[in-house]
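Each remark here refers to the structure printed beneath this line.
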Amino acid sequence: MQLREILRKVESGELSAEAALTRLGDMAERNLGFARVDLDRVRRRGMPEVIYSPGKTSAQIVKIMTALIEAGQDVMATRASPEQWEAIRSAHPAAEYHPEARLVIMRHAAPRAPSGRVAIVCAGTSDIPVAEEAALTAECAGAAVDRFFDVGVAGLHRLLNHLEALRRARVLVVVAGMEGALPSVVGGLVDKPIIAVPTSVGYGTGLHGISALLSMLNTCVPGITVVNIDNGFGAGIAAAMVNNAAGAAP
Amino acid sequence: MQLREILRKVESGELSAEAALTRLGDMAERNLGFARVDLDRVRRRGMPEVIYSPGKTSAQIVKIMTALIEAGQDVMATRASPEQWEAIRSAHPAAEYHPEARLVIMRHAAPRAPSGRVAIVCAGTSDIPVAEEAALTAECAGAAVDRFFDVGVAGLHRLLNHLEALRRARVLVVVAGMEGALPSVVGGLVDKPIIAVPTSVGYGTGLHGISALLSMLNTCVPGITVVNIDNGFGAGIAAAMVNNAAGAAP
Amino acid sequence: MQLREILRKVESGELSAEAALTRLGDMAERNLGFARVDLDRVRRRGMPEVIYSPGKTSAQIVKIMTALIEAGQDVMATRASPEQWEAIRSAHPAAEYHPEARLVIMRHAAPRAPSGRVAIVCAGTSDIPVAEEAALTAECAGAAVDRFFDVGVAGLHRLLNHLEALRRARVLVVVAGMEGALPSVVGGLVDKPIIAVPTSVGYGTGLHGISALLSMLNTCVPGITVVNIDNGFGAGIAAAMVNNAAGAAP
Amino acid sequence: MQLREILRKVESGELSAEAALTRLGDMAERNLGFARVDLDRVRRRGMPEVIYSPGKTSAQIVKIMTALIEAGQDVMATRASPEQWEAIRSAHPAAEYHPEARLVIMRHAAPRAPSGRVAIVCAGTSDIPVAEEAALTAECAGAAVDRFFDVGVAGLHRLLNHLEALRRARVLVVVAGMEGALPSVVGGLVDKPIIAVPTSVGYGTGLHGISALLSMLNTCVPGITVVNIDNGFGAGIAAAMVNNAAGAAP
Amino acid sequence: MQLREILRKVESGELSAEAALTRLGDMAERNLGFARVDLDRVRRRGMPEVIYSPGKTSAQIVKIMTALIEAGQDVMATRASPEQWEAIRSAHPAAEYHPEARLVIMRHAAPRAPSGRVAIVCAGTSDIPVAEEAALTAECAGAAVDRFFDVGVAGLHRLLNHLEALRRARVLVVVAGMEGALPSVVGGLVDKPIIAVPTSVGYGTGLHGISALLSMLNTCVPGITVVNIDNGFGAGIAAAMVNNAAGAAP
Amino acid sequence: MQLREILRKVESGELSAEAALTRLGDMAERNLGFARVDLDRVRRRGMPEVIYSPGKTSAQIVKIMTALIEAGQDVMATRASPEQWEAIRSAHPAAEYHPEARLVIMRHAAPRAPSGRVAIVCAGTSDIPVAEEAALTAECAGAAVDRFFDVGVAGLHRLLNHLEALRRARVLVVVAGMEGALPSVVGGLVDKPIIAVPTSVGYGTGLHGISALLSMLNTCVPGITVVNIDNGFGAGIAAAMVNNAAGAAP
Amino acid sequence: MQLREILRKVESGELSAEAALTRLGDMAERNLGFARVDLDRVRRRGMPEVIYSPGKTSAQIVKIMTALIEAGQDVMATRASPEQWEAIRSAHPAAEYHPEARLVIMRHAAPRAPSGRVAIVCAGTSDIPVAEEAALTAECAGAAVDRFFDVGVAGLHRLLNHLEALRRARVLVVVAGMEGALPSVVGGLVDKPIIAVPTSVGYGTGLHGISALLSMLNTCVPGITVVNIDNGFGAGIAAAMVNNAAGAAP
Amino acid sequence: MQLREILRKVESGELSAEAALTRLGDMAERNLGFARVDLDRVRRRGMPEVIYSPGKTSAQIVKIMTALIEAGQDVMATRASPEQWEAIRSAHPAAEYHPEARLVIMRHAAPRAPSGRVAIVCAGTSDIPVAEEAALTAECAGAAVDRFFDVGVAGLHRLLNHLEALRRARVLVVVAGMEGALPSVVGGLVDKPIIAVPTSVGYGTGLHGISALLSMLNTCVPGITVVNIDNGFGAGIAAAMVNNAAGAAP
């Protein structure tokens, strides 16, 4: 913990009490007025702050990106609209945009070689945008990703055909809308943790994804955990963290 | 339609207008004050009125049963508590009680030989009371019933082991709580209509069966219809009606 | 069951174990990357896979249609927008579009002569798009369909006028928004299974169809089952399945 | 308006400003510490304050009753439990209790001859407690009441048999649980205002009466208004007010 | 009741049984294919069928209007959009449109002289469209209407200033959004029935009017009944019915 | 209380009873037909009536503003759209508009020197519009405001860095969307009242702010109170009232 | 801020780095295994940790009390059941219990003289338990409290009679169930902050207090903030904090 | 995949096609009539089937346990009531019961030495039953577990004091009721996956855990996944799976 190091330096006279206080603050945040960019997050969390785009102006997003880049950190902006992307591209031409997943990615350095295996499974073609967001996010966080799309429970053999490949993953992200039954079915067949992502695909009593979410939370198969509706990004990060924990284990 | 017959009799002078009005009423209802027993339902619906027990006193249930029996009709009382059953047994010793399904049945005559095949499938042992209510109801309405209990999606092979038997049914009732995924999985494998019954088995976000219900309504498999939570009775009647329609078709 | 046949052929030496595995996969799915078209569904379910259009690009829909057509199967695409239809029409000029029901239909061969009778009943003029989706779907699945539109409970005689015609159906689809009372009223008068479809017609506490749905699930008339809000397609398939079961019964 | 009278008396010197203020307060409330009994309500509302029993101790109820009686007013206590009733009976032996409706009534003087006609209609035997609460309340407020119990939509002829009697009422209270369809059906047949009362009869998606309530609020028949679930008392008062308004009209 | 008259004519030989059946149908409905116009409603309900515009094409609305006009009945179309109004105006230039209330009215004959007094009260300026819909509807149904707009509870004296005028009404319609407290406050001060209309005015936890609706249903003041959110039309009809009942009382 | 003064004047003969009644009305409201502007609110509430813009026409807003200005009162219009602002600017060029907070402010006189300290804290950049609405409102009501933006719990040190400044406030407004955890965390660290404002920032199960609202209502930290979702205005007024109460204390 | 002092002592050599870390922990928490009692809360929050009784064993509550008492702090235990109270009384005979409010209070020293004025207002007698919890809590936290019970909106004059007394408070707590209208009405009449407490008094659509809560959150009167349903304790603390802030102002 | 092995044996003549089918079934399930025990789950899922006790009779639970024990598998029964435990203890004296966590555990053999580190963190003493269920489950599945109880956000230093210990875990389970903020706060400070468990601790708008659940799903900290309310068991299994995946990684 950082506090210990700081205290040690104050103890040894390397640092005055006041300087210690200032330095803690400066080191950890960059105050842009409308945003306090958390530059300390890489150290604490293993990955930099990510920009949630809705409700921010394009100018705000560009300035936060600049602050992160100047601190030598990789950048991800989630749920970026095409309009926001236009502004980002002008300011940061090296950034890349994945329109289906609405994801902006800008890497400071060449990425590490991917490690482990994360399987991204989705029930239907309409779920692909969320599944892609999860896949790109996990890749961005260092995982090797396998995609298994459109293997929903209406045609179970499509899933059974790929069981051996699914079982090779360290962790699976399973994306489904409507009745959200796929995670339970996959979960009954593999022995790895599953992160379920409900999507808002459906209508009427689908309740914009609430139905799929409830399904996943009430699974009769233990070992399945759930994220917010359409939150491919969160599932991708969580999967990468599990994958990294596995990779880092002695 | 009855109106036509009545009109014909009035036309032919067999019946006065006033007598026709009175007779229509008398024939069709038996007014007990607290209840107007619908004696005409067999003719219209193919099955007699059924007594919904909650909120009725034991005395009221007994009197409605008596009215139905006096009219020569079979009797079912659903959701009867042990206390209500005690009162019924005293008054109508020939009645039988199925405590798990909370169902009272009293047949006026020997039942017809069962016809067709209705499959009753349930996901877990805790769903059996509802599944039994459906099975007994369908049998009471003339169907031959096959039971497939505890074949939930957590162990899919238990279902796949019985696929051929399931496919022999004219109609399937699939009962499940928690995430309610079983109807979708069964529905992807058979070519018969499926009536899904959500149960209140589960806790927390199971919301007393709402989660399973939403799952079933949002199935990605067409051909699945749904009844109220824990409504084994309604599913049994609907299945028997489909079974009868099939049996009666020329 | 297919597994048995495959095992028999492996037993007899007609097929190697590996070939059996491959063939099972190839036979059953056509992998387009973004979609794994379930070509086996006709065998299992009696009807081909249907395309749910929302959330798919026009290009994806066209490619899935092509895969189905190449496999000699009929095509239905539900909830297709006018924009999606334009793209479909360019690629598959033989397809037809029903704009009110948002349904694309493309038949591979001349349809079978319709059999049985499915009654499609709706409460108001505003419910017709959903009722038409049900009617067209049931016709597409081989049923003869009678339409009874705008016979809601505010003017009950409109329904009573057609009672004899309604009673001729093997199964009824009853479509209603607002308070969704029509299925209960029809259900009290006929002796055939009823599939109730809530619509999102209404406002305020109509809750986009939740009110009608709850009404239908809580019907005091047994024998009524329910599908998702505005799901005319699902009701049409379920009705056709009941109709077919009846027609096929010995 | 009272203010005018008070001002006139102050103007004429009959009353000092301070005395006017005190008198306004004294006249209108009786402060028991835990309750300020509204003795002015008869003048403003045409009927005295009514005691809502839940959450009150028996001692509190008895004291409020005493205060009302001392002011020469009739007393009603709604939703009184048998335990509360025991305490009331000891203190006020002249009171009467209707256990089904959970209603305590104590009249100060002989009631007026009832006037008008209020019809109380209910769908099933299980709805009778709420219907009785409405009927007794309306009678207590001076109306002549006709009861039509157990005429639900599953057996429509039971309702049609009594149409002429129903049409004689000045206002109808229609009580129903489950799908709550009865008010719409009655409303389509009569030309008088209807007050609909949803009951908590039902289970599962009945949601303790929410389903019936939504049905009634979304009726396609104009002229129907709704009260809280199981609120027979409120419906009875509202019906009596309509009945009285009609009776009082010049 | 019509059935009696028909039976009498059949009895007397004036009518054959078959003719009676046909005539019942013909007299009561005009079948336009997409709509069965209920021409009998005036007789049963005291007012003609009203057109609910959403979900109907302009052409459908125009045709239903024509059918009603040809039957000599007045026409109201609720929630008509400006686009629908344009089409109506072309076909029926004598119709009038109230854009704020989205109401189309076309009278066949000069209206009766208004009778009684209906008070329309609303809490804020933003509630006026709903209040106007109620006021115009009640006027259209024969009532004399007084409007009291923007008298919400934040400035109670605005209401108290008009108490005497409010008390002159036979029935009050009280319209409010947000917390929906106004009906309770008015209800505590007058002795006439109150019809409360929640509006969707508000945001966040206003839940598009659900908050106001719940408030009104849970009023501690008996004698208040409620209609659907934003349902000024329904409240206007109900108020007119109460007003008429009062006016018609002997 | 005003009534006392009026009564005193009537007692002393300064005022007739009728004049008193009229004057009470005139003084307190300005009737514009569509609005009754509450000119008495400054006296009762310490601040003038504020205009809620949604659902009002631009012309209505302008006229209400004019009435307030003519009465010598300051004006605030909340949630004003750019279109409404255009109309206001034309009529009242001295008004100012804060587009992010959608707030129109027009001061009649130079504001008082601000007093006290209100801290406005928000979790993320996307919450700033609501936070700004609170800040501007509190300033308009006489408070000195400190802004602490983008200090959400994902980077706790950003909050801890400013703890001493936060503790200097008399009252804090804490604005957060998504999981709404910030008020609890701040509340555990300061000894002043906290007004929590949930925002609709988020998606899926955020339920447009319901999730954050529930979080705040269920805080384990006593001393936190909550306002409606996105209600920066209400929080600003409440904070100013607390600040003023503190300032006014002897 | 404590960190600064600690750093200063480390800087001056008074404290080693390790000792500083240990001391921070020891000073602030007392680890009982099942609980870590927050002894630092008085310093940070101005009041000690309070024990939430539900879900804790009596033994756990007693031990937490002992730890607080040993640290010289006052104790409050909220929502304590009679069974829990029995155990507490045995261990800490000096404690006092308020059964209506379910509150256990044990003061270490004689309380300060109360200061300021907090008004506790409630709508009905059934709301008193929650109002008492608020009143006792505020008193315990040093405030002088005035109680105004049973002044609901059905009899508005009861409230108006006490307006001058209400206006003397620095802050008001307004408690109401059912439609929860009282805070808006009080809020329109006073110029002090109002803390609204919804109660679960009511039935049906009262939804155990949700209806009153929504009412209060949607108030049209600014300056009203809300706490959780039945949370008299939280309201009392918040009111005391406002009262203290006012009292502490120079 | 098992199918491949079976096919290989059929290919080599070791097995007939029919025998293969039978054996697949026998191997994988033990049919008790009311339950089909999934003996194959250890192979597929890495852990045996677990018994969900609610809704099962004690006799059913005992028989399922016996079947699992006879198959040489460990047994867990979740949510077992004291009554169920009594029956289990009689039949299987070697089983152990954890009453707080309502968990029955019976090990067939000595457990493996625990590996890895799973941290179980909970917010308050009332959350301990759920936290213990998670801890015992994870231990049962082979993990070494550290417990950090009662470190909720109201006293943040209790959490910060243990940060280094928390960071040593491979995965964290964070349990909280009420506002459910703890997972977000912990998540902002560690770089390991977090499994959040909402509990039903709280009241009113806590909605039996829904509020905490929504909080957790809407966390602004990526890498947090969620299970059902009070589902300590599911969280324990998921954590053990992550822990095992990490331990097993090469």
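Annotations
Labels for the chains are A, B, C, D, E, F, G and H, by order of writing; each one numbers its residues from 1.
As a working rule, a contact is a pair of C-beta atoms (placed from the backbone, for glycine too) under 8 Å apart; a residue touches a chain by one contact, two chains touch by 3 or more.
Every value quoted in this text rests on a predicted model; they were computed, and no experiment measured them.
Steps from subunit F to subunit H, taking the shortest chain of touch contacts, total 1. Shared contact partners of subunit F and subunit G, listed by label, are A, D, E, H. Between subunit B and subunit H, the superposing rotation on Cα atoms measures out at 90°, rounded to the nearest 5. Separation between the centroids of subunit E and subunit H, computed from CA atoms only, is 58 Å. Centre to centre, using the average C-alpha position, subunit A and subunit G are separated by 40 Å.
Spacing of subunit B relative to subunit G, judged by their CA centroids, is 53 angstrom.
Counting only residues that touch two or more partner chains, subunit D has 52, 124, 154-155, 188-189, 204-206, 210, 213, 217-218, 220, 228.
Contact between chains, using the touch rule, shows up for A-B, A-C, A-F, A-G, A-H, B-C, B-D, B-E, B-H, C-D, C-E, C-H, D-E, D-F, D-G, E-F, E-G, F-G, F-H, G-H.
For subunit H in complex with subunit G, the touching residues are 124-129, 149-151, 154-155, 157-158, 161, 201, 203-206. Residues 3-4, 7-8, 10-11, 16-17, 20-21 of subunit F touch subunit D in their complex.
On subunit B, the positions that touch subunit C within their shared complex are 1, 44-47, 50, 52, 116, 163-164, 170-171, 188-193, 195, 213, 217-218, 220, 222-228, 233-235, 237-238, 241-242, 245-249. Interface of subunit G with subunit H (complex): residues 24-25, 28-29, 33-36, 38, 40-41, 49, 52, 54-56, 60, 64, 79, 198, 200, 208-210, 213, 228-231. The touching residues of subunit D, when paired with subunit C in their complex, are 123-124, 152-156, 178-181, 184-185, 187-189, 202, 204-207, 210-212, 214-221.
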